[in-house]
Structures are given as structure tokens and as C-alpha cells.
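The structure's right below; bear with me while I get my questions together.
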Amino acid sequence: MAVTTLPAQRTLDVPAVLKECGLAAFVAFALAAPMVGLETLPLTGGLGINTRFGAVAYAAVLVFFGRLGFALLRAGYPVPVLIASLVFAAVLISLLLTGADQILPFKSLILNWFIALLAVVITVRAAWALHRPTAEMAARERENVMDRVGIAVLRGARWLGPLAIAVAIALPFLPFADRRFLDLAILVMTYVMLGWGLNIVVGLAGLLDLGYVAFYAVGAYSFALLALHFDLGFWVSLPLAGLMAAGAGVLLGFPVLRLRGDYLAIVTLGFGEMIRIILVNWYSFTNGPDGLSGIPRPSFFGFPFTRRPAEGTMSFHQLFDVDFASIQRIIFLYYVILVLALVTNMFTLRLRKLPLGRAWEALREDEVACRSLGINPTNTKLTAFGIGAMFAGIAGSFFATRQGFISPESFTFIESAIILSIVVLGGMGSQIGVVVAAILLIGMPEWFRELGQFRMLAFGAGMVLIMIWRPRGLLAHRDPTIRLNRDGDFEAPG
Amino acid sequence: MSADATTVTAGDAALLRVEHLTIRFGGLIAVDDLSFAAQDREITALIGPNGAGKTTVFNCLTGFYKPSVGRFVLNLADGPRYLERMEGFDIARAGVARTFQNIRLFTGMSVLENLLAAQHNKLMRASFFALAGLLNLRSYRRAEAEAVELARYWLDRIGLSDRADINAGNLPYGDQRRLEIARAMCIEPVLLCLDEPAAGLNVRESAELNALLAYIRDEHRIALLLIEHDMSVVMEISDHVVVLDYGKQISAGSPAEVRKDPAVIRAYLGEEEDAELPPIIEKDLGEGS
Amino acid sequence: MAYFLQQLINGITLGAIYGLIAIGYTMVYGIIGMINFAHGEIYMIGAFISVICFTALGLLGITWVPLALLIVLVIAMVFTAVYGWTVERIAYRPLRGSSRLAPLISAIGMSIFLQNDVQLLQGARIKPLQPVIEGGFILTEMDGFAVHLGYIQIFIVFLTVVLMALFSVFIARTDIGRAQRACEQDRTMAGLLGVNVDRTISLAFVMGAALAAVAGTMVVLYYGVVHFYIGFLAGIKAFTAAVLGGIGSLPGAMLGGLLIGLIEVFWSAYFTIEYKDVAAYSILVLVLIFRPTGLLGKPEVEKV
């Protein structure tokens, strides 16, 4: 609740502040009392209860002082806040470092570290306020800072893009790129591709799609079924799966695309779940919850990545006369997804400059005006939906061949939510934003496996916080797709 | 009340004929048996007090509502089009452009992009539905250059060439109004419908608007249909005026005729016929002559 | 026939539960025009609080059923309402006035957060609860099939009807209800006329959460289990109910809930139980396509 809208003032209305902090503490207490205070434990024949009242009281006290700290900062008294938070942070961290944290009411190490981190943040803020007495880095100013970053990134895209691509190409040969790192890079790159695909639908055309994972699933299953039943190779199945996903997109999109924004969101969510339920229950076709296994691995244009290829064929390492190493396949997979993602990106960037892409953006801005200019809204939306679905389908095929196994488990609503948050957090319509957000949301949590069960919790909280902090996304700055005046400089964001 | 049958016959060769238009919302009759015509190379003004049903006529004409009774006939060179049977975007493709009472620009896009979005259909055909564009073929590049030229022509007209690359939403109000008209002209229409184009403009901007509308009529030789409150605009530039009140046509004719019609004065000023016109309105009404 | 009657009873019971959740969606949508995506989780939290409370009461020795029920209902409503208030305060209020997408994303984030929060605090296992209201009676017996009407079913339907009646009177008669309706009509104008809009919006969340808590208690009593994942599906179905009835309309939410409950039960009984959720989603899609205003909603005229 750190959102302050009041102007900075150097007056301290003690009763009002205490009331405010008391209310916050009371709310924290009420939230925590049943959920934290009373833990239900499974016993034979029913439930038992484990009480954790100490933790409830501790939470309420923490919230009280945290709120008080913010109130004091806002009122212009940074010194007591600085001292108090510094002392608290120091005590907490030393307890944690000496392993004496068992005396704390919260038993979770991560949670205690998180609280210590918060204390440090408040300390830094207080120090900042001391340094600049008028402090109050107003929301507006913050917006401008991020907007400037967005513009700088866009302006830098000319050399940043090629640089990023060069790094991406060199990545497998960097010294720290072990197998785990490459697997993670492939995962991030898959989400980058999905994000870029969904960016067409959400970022450009402004259609909120909460069921994007459905097309990912259609692509994966189409690929698997084509490969398993018709023995089609990777490079044949891949475009076919993309086309099937696009077909599914058009088919599902056609009836619903005239719906208003949030209704469309819910309907697409419904479609996503329906496809998943069908995948689970249509046993004869999809093998139900057990999923499909034995999906062929990709080959290097016909040369498989095996130590001993079948009679009469040649494997990759024989072709290039190198020693067999399983990482070769991983590196190849990495390059495949890199190329697929880059194709998605270039396709999108090109389309944005074409009348179709311009119509998508116009539709996002004002559908009524579009109709009055002779743009057919349904068809235009349908192309966005279909093309977005196609890229999801291709990404799905890649997913299937990489895993060698797919099941409906992989295509739940949460996947759609993750892809959508990559697009929105990155800044809708921003291609680089998608990369940044994918690294933040997929790369970081995978890297910090230690967060364990807190991962999804942090993920949800992060979504809320970033939305509040920057409703338009991290790098939300749009540049015209065409210029009349060549020397036109970057305009100030309005 | 003047007989509307004469208006209909008089407009037989007109570009647009509105015939016996009736629009009901539930029990409310918003427009009642309205007939008028808009001629080529003329500015036809639709005026009337607030709530007279003017904007409803526009929304119906441009396909946002369907009429309960009546039809719109657009006489094109290759035959008539019945607009009430068409979708909104098809009406625009047939050559009917419009602007909105509360401006509807693509505020997040640049001024130039607004004008190019209006040339969507032409460019889509030129790019073979994006295929030629993806391959960056020369035919598409030429079409795009032509589209930019058309946009530049209109930007020069409305004096926004040097600001073509800024976001449309960042323009001042008066410029946004003119940009919306330029955008409508970029679909190269045969009929341009303007919903209160002078609303919120100051005197100078209003005069510029009059010049722009007259220019469009005289140089581009198309029909303009105009809803307006601002009498100075109506009286100065209209060739034909239709007066609506409570969804009914109460008068029609040249600005001079309409101004003298007692029914019009009654509609604007209330029932007491012998009440003197307040000076400000007298001035407004008289400004055109 | 007997089978049909039995399904009808089951369907009405389930429908009552959906209806209570749907009111939360419809009220929030009516006032601020957003889908409170986290409402399903609020309902789940209500169910959890009820289980915790029942267990605690059992350990304290309060076993007289009417008293225990009353305590649990009150506690669940109060504490769940605090969750409703907090969600609005943290995730939605700062985003009022921004685009339509931002609050929806924030709501999805909130929903993920709450789900994992409960999972962390209370464990991922299914929580069982011993039956509190047992027994019932046989209505009729036909063709060797006994139509069973449980006391719990009577309780659920009765409580729903009472709550709905109270709630309707509340909205129609009190100042707070008037403020709610005023904000539904025109938030800016209501604010200018002295209605505290922030408080009214908060109250809509609080009331919706309290009713969802009752639904949670009912589900716990009816099925005897609760799991941190129940919020998502119930939320979608209740939202479908709200849309089917006409979003923004309180009687509509109840009617929609009833219909969704009946459809789900009859679909499971006469077709395939695996596809009962597909049935619910299909109805959502069909209603939104063919009658976006729902059964009792007011038509929305497009503003040009």
C-alpha cells in the first residue's frame, strides 16, 4: 500500500497517521488471523489445527511500522525512519546470517530474507529522502524516467537489435553455457517467440486473448500426431502444424471477434479451457491425460543426432566428422528456436509497416473510426488472430519435438496468463519489451529455483505490482511506422 | 411545414437521396418520415435544436444503426447503392466518409499514419493483402509512395505537414478537427458527412474551417452533408439547408429562405411568435447575408 | 421421472451456490465495469476459512450445529470481506482510470497470488471436513429409484433465498444501496452529488466477498472437501452465470446461477460428466455471441 497520492507536506497529523497505520495493521491481522494463525493439518479421520499466532502478531506489527515508515517519509521525517529501518534490517540480517533465525516468528527463510530486503528498501528510500528533501519522486516523474528509457531503447534498437542477435548466436559457445544454461535459454526463447506471436494479437490489434495457449496446444498436438501417424519429418510437420493452429484461430475467432474487449478475454479463456478438456477426454485421439510420447526428435535436415544411426543413414556427428556429444542436439535445438523466433519478429516488424498492420493498430485505437474509413473490423481482427495463432502453433511444434512428450498438463490457463503477462509487462507492442519481460519472468524464476514454492506467489505479486507501477508496461513507447519528415526527431512522450 | 414530397422529386438526380427515413428506439421516434437530398458540388446543412435527431440521421446513414423505415439511395456512376442494406465499412467503401461529433482520431498513431490508415483498402489491394508488401515488391512501394503523396497534399491543405510525425493525440483541438476531415478525404469520398465540425472552434479556426469546406466543394467537386449548430458556418457556406425539429423536417431551402421561415424561428426560440429575437441570435441568423 | 426430480434438486442446490458467487461479479461489473477475476479465489478463501473455523470449533467443543453454523457463517463472511476489501484497495484502486487491460492483468496476478498464498499457508492437500448437517428424507419412490432431499440441500436453498431477499431490500431501501445504484448509473455524477465513490466501490467488493464466503461455506458443507484450486473453475462458472443473467443485474445473477447449476447437473446426468465444464463454457460463448446483454440485462446502445 505504498501508493501515495498526497502532495509532500512537512506536517505530521499524529492521530490521523496512527489511525491509518492502525487500520493497516488491523487489516493485516484480519487477513492473517484465519489463514496464517490456524493451519489445518491432516489427521486420521479429520483435520487438526496448528496455531501460529506469533506469526499473525508479528505480521500485524510489521505492517504497522511499515505503514508508519511510509507516512513519516511522506510527511518529511526521514531521519527516524532511516535509523529504525537500518537497525531492524541489521538485526534481521545478522540473525539470518548467524543462523539464529529460529527465534523469529516466520519460519520460512525466504520470507525472512524478503522482509530484510523490504527493510533495506525503506532504508534506501529514507536516505534518498534525506538527500533530496523534497523527495517524492512523483508518479509522473517516474513515468517520464521509464518513458525516456523506452525511447532510449527504441533509439538504440538500431544497434541494440543486431548486438542482441550476435550475442544470441554466440551464446552456445560462451564458456558458461553448460547444458542447464542452454536448456534455460531454449525455454526463454520459446516464450519470447510466444510473446512475439501474442504481441500481434494483444499489442498491435488490441485483442485481449486469455486462451493463447490453446493454439500452442493445437500446434503441439498437430505436430505430434502428424509425426507419429504419418511419419512426416520435422520440417514438413512444422509448417503444417502452424497452418492448423492458424485454422483453429480463424475458426474460433470468427464468431467471437465482434465482442467487446473484456468479454472477448473471457470467451478466449473459455476456448482455451475447452480445448484442454477435449485433449484430456478424447482418449482415442490424444491418448488423454497420459499424453503422447515418442515424438521424433528433430534431425539436422535428415541427419539425426544419434550416436549410432540406423543402417544406411548418417548421423550429424558422422556428417561433420566430429565426436558425438549430446550437447550438439541441444545447440541445434537452440538455433532452431532462435531462427523461428527471429522470423516471427521480422515478420511482425514488417507487417507493422504494411496497411494490414496499420489497420490492426488503428483498430486498437478506435474501432468505430475504422468502420467509418472502410476497414472491415472482423476480417482485420481475424487476420491478427490467425497469424498470432500460427506462431503459437509453430512454437508448439517446437515444444513437442524438444520434449518428445506432450500432455494436456502443459497447456493450462496459467501458461496463457504467463505469455500474456510477458506481453503486457514488456509494454504492449514493444518487441524488445517482450524479450526483457521473458528473461525477467521465465529466466529469473528458473534461475532462482531456490525460491521453490514462492515462485508462483512472487509471480502473481509481481504482475500486480508492475501493473500498478507502470500500467502501460515496462518499455511502452511507440514510434511511427513511417515518417514524412526524414529529420524528424523523437518527440517527447505526451 | 413544407411538403417533403417536393424535396424528393427535386432531388431525383441528386447524389444522395434520403427517402421517408424513420428511426425508432423502442417507443421513441427519433426521426420521423424525413426526406431530403444532397446534391453534388453542394454543401447541404442539416440543422435543428438539440435532440432534433440530426446525429441519429448521420449514424443511420453511415451504417451504425439500421433505419426502421425508409432508405438511402447513393447515385454513383455505375448505378445506385442502397446504403441501408450495407455494413458500415461497405458504406465507406462506396464513398461516404464521415467525421464525428467528439473527434475520433487514432490518437496513439502519428498524423501521417492516420491518413494512411484511411487509404487502407487501396493499399491492401496494392499489397495483395500484405503479400507484396512482405516481399517489398516495387508495385507496393509505388502504391505506398502515392498514398503518402495524397496524405502530404491534405497535410499541406490543413497546415500540418511539419507536424506529420507526431502523435495525433498531441495536436491542439482545432488541428485535430481538421485532421479528421483530412482523414475522411483520404478515402477519396463522393460524399463527406461532417458532424458539427465547428464545435469548440474559435472564430479564426471557424473561418479556416469554412475556407477548407468551400475548397473541398469547389476543387474536389463532391457533396458535403453537414450537421451544425454554429449558424455562421451554416449561413455562410451552405447551399441548401434542411431544418429538423423533434425528428421531423420543418423547413428546407436556401439559407436565406430558411432564415425567414416562421417555423424555424419558432423551433429555435419557442412559441411566442411576436417575441423579439435576442440580439445575439439575430446577429447569428443574419450573418450569412 | 424420479431420476429427473433428483437431478432437479441437485441442480437447484448447486445453482444457489453459483448465484451467490455471481452476485459479486455482477455488482463489481455494474459499478466499475471490470471483471473481478480474483473473485473466484475470494470464494475459495471463504471456503477455507469455513473449514478452519469448523475444525477449530470442533476442537473447542462447540458442537451444537445451529450455533456452530452461525459462528462459522459470521466469521467466514467478516474475514473474507476483509480479503475482498484488500484486493480492491491494492490491485484495482490504483488502476482506476487506466485502460481496460491493466486491471484485468492485475486481477489475474492477484488471483495467482491468492491461490499460491493459500497453498503455502494451508498446504496443497485436499482438506476434508466431517459432515455437519447429515440426513434428509425420501421425497418419493418411483420405479425403484428414491428421490433423496438432504437437509443440507434445504439449508442451502433456504439460506440463499433469505440472503437474496435481505440483499435486495438492502440495495433497494438503504442509503448505501442507493449509493450503489447511483454509482452504477454514473460514477462521476454520483461523486459530484456527494456520494463517496471510493467507499461505495469498496463496499461492493466487501458485500460480494461476504456472499462468496457464504457460498464457500455451503460448498464445504455440501461436498465436505476444499482445495486451493476450486476458485478458478467456480469463478468462471459464476461469471458465466452473471453474464447469462445479464451482467449488472442482481436478479439476473441469481437466475443465471440457477440455470448454470441446472445445466451442469443435467448435462452430467444425461450426457457425459467429463464434458460438463465444456457445456458451461459453451453456454458462456453462445450467450455472449447471441445475447451479450444476457437474459435480464438492459440493452447497450452503441455510442458513436
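By letter and in written order, the chains are A, B and C; residue numbering begins at 1 in each of them.
Heads up, the rule we're going with is that a contact is a pair of C-beta atoms (placed from the backbone, for glycine too) under 8 Å apart; a residue touches a chain by one contact, two chains touch by 3 or more.
Remember, it's a predicted structure, so these values are computed and weren't measured experimentally.
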- Of A-B and A-C, pair with higher C-beta contact tally: A-C
- Message: Measuring between Cα centroids, what's the chain most distant from chain B?
- Response: C
- Task: For chain B and chain C, let me know how many angstrom lie between their CA-based centres, rounded off.
- Result: 49
- Interchain centroid distance [CA atoms averaged], chain A/chain C, Å: 30
- Taking each chain's centre as its mean C-alpha position, how far apart are chain A and chain B in Å? 46
- In chain B, which residues are in touch with two or more of the other chains? 64, 100
- Multi-partner residues of chain C (each touching 2 or more other chains): 302, 304
- Item | Residue list for chain A, restricted to those that touch at least two other chains | 368
- Task: Note which residues of chain C are touching chain A in the complex, please.
- Result: 34-35, 45, 48-49, 51-53, 55-56, 58-59, 75, 78-79, 82-83, 85-86, 89-91, 94-95, 98-106, 108-123, 125, 127-130, 232, 236, 239, 243, 272, 274-275, 277-278, 281-282, 284-285, 288-289, 292, 302, 304
- Note on the structure: Note: in the complex, chain A contacts chain B through residues 347, 350-351, 353-356, 358-359, 361-362, 364-366, 368-377, 478, 480-485, 488, 491, 494
- Task: Please give the residue numbers of chain B that touch chain A in the complex, ascending.
- Result: 62-64, 87-90, 92-93, 97-98, 100, 104-110, 112-113, 116-121, 123-124, 127, 129-130, 133-134, 136, 148, 151-152, 155, 161-162, 164-167, 169-170, 183-184, 187
- Message: With touch defined as at the start, can you tell me which chain A residues reach chain C in the complex?
- Response: 1, 3, 27, 30-31, 33-36, 38-42, 45-49, 202, 208, 210, 255-256, 259-263, 265-267, 269-271, 273-274, 277-278, 280-281, 368, 413-414, 417, 420-421, 424, 428, 453-454, 456-457, 459-464, 467-468, 471-472
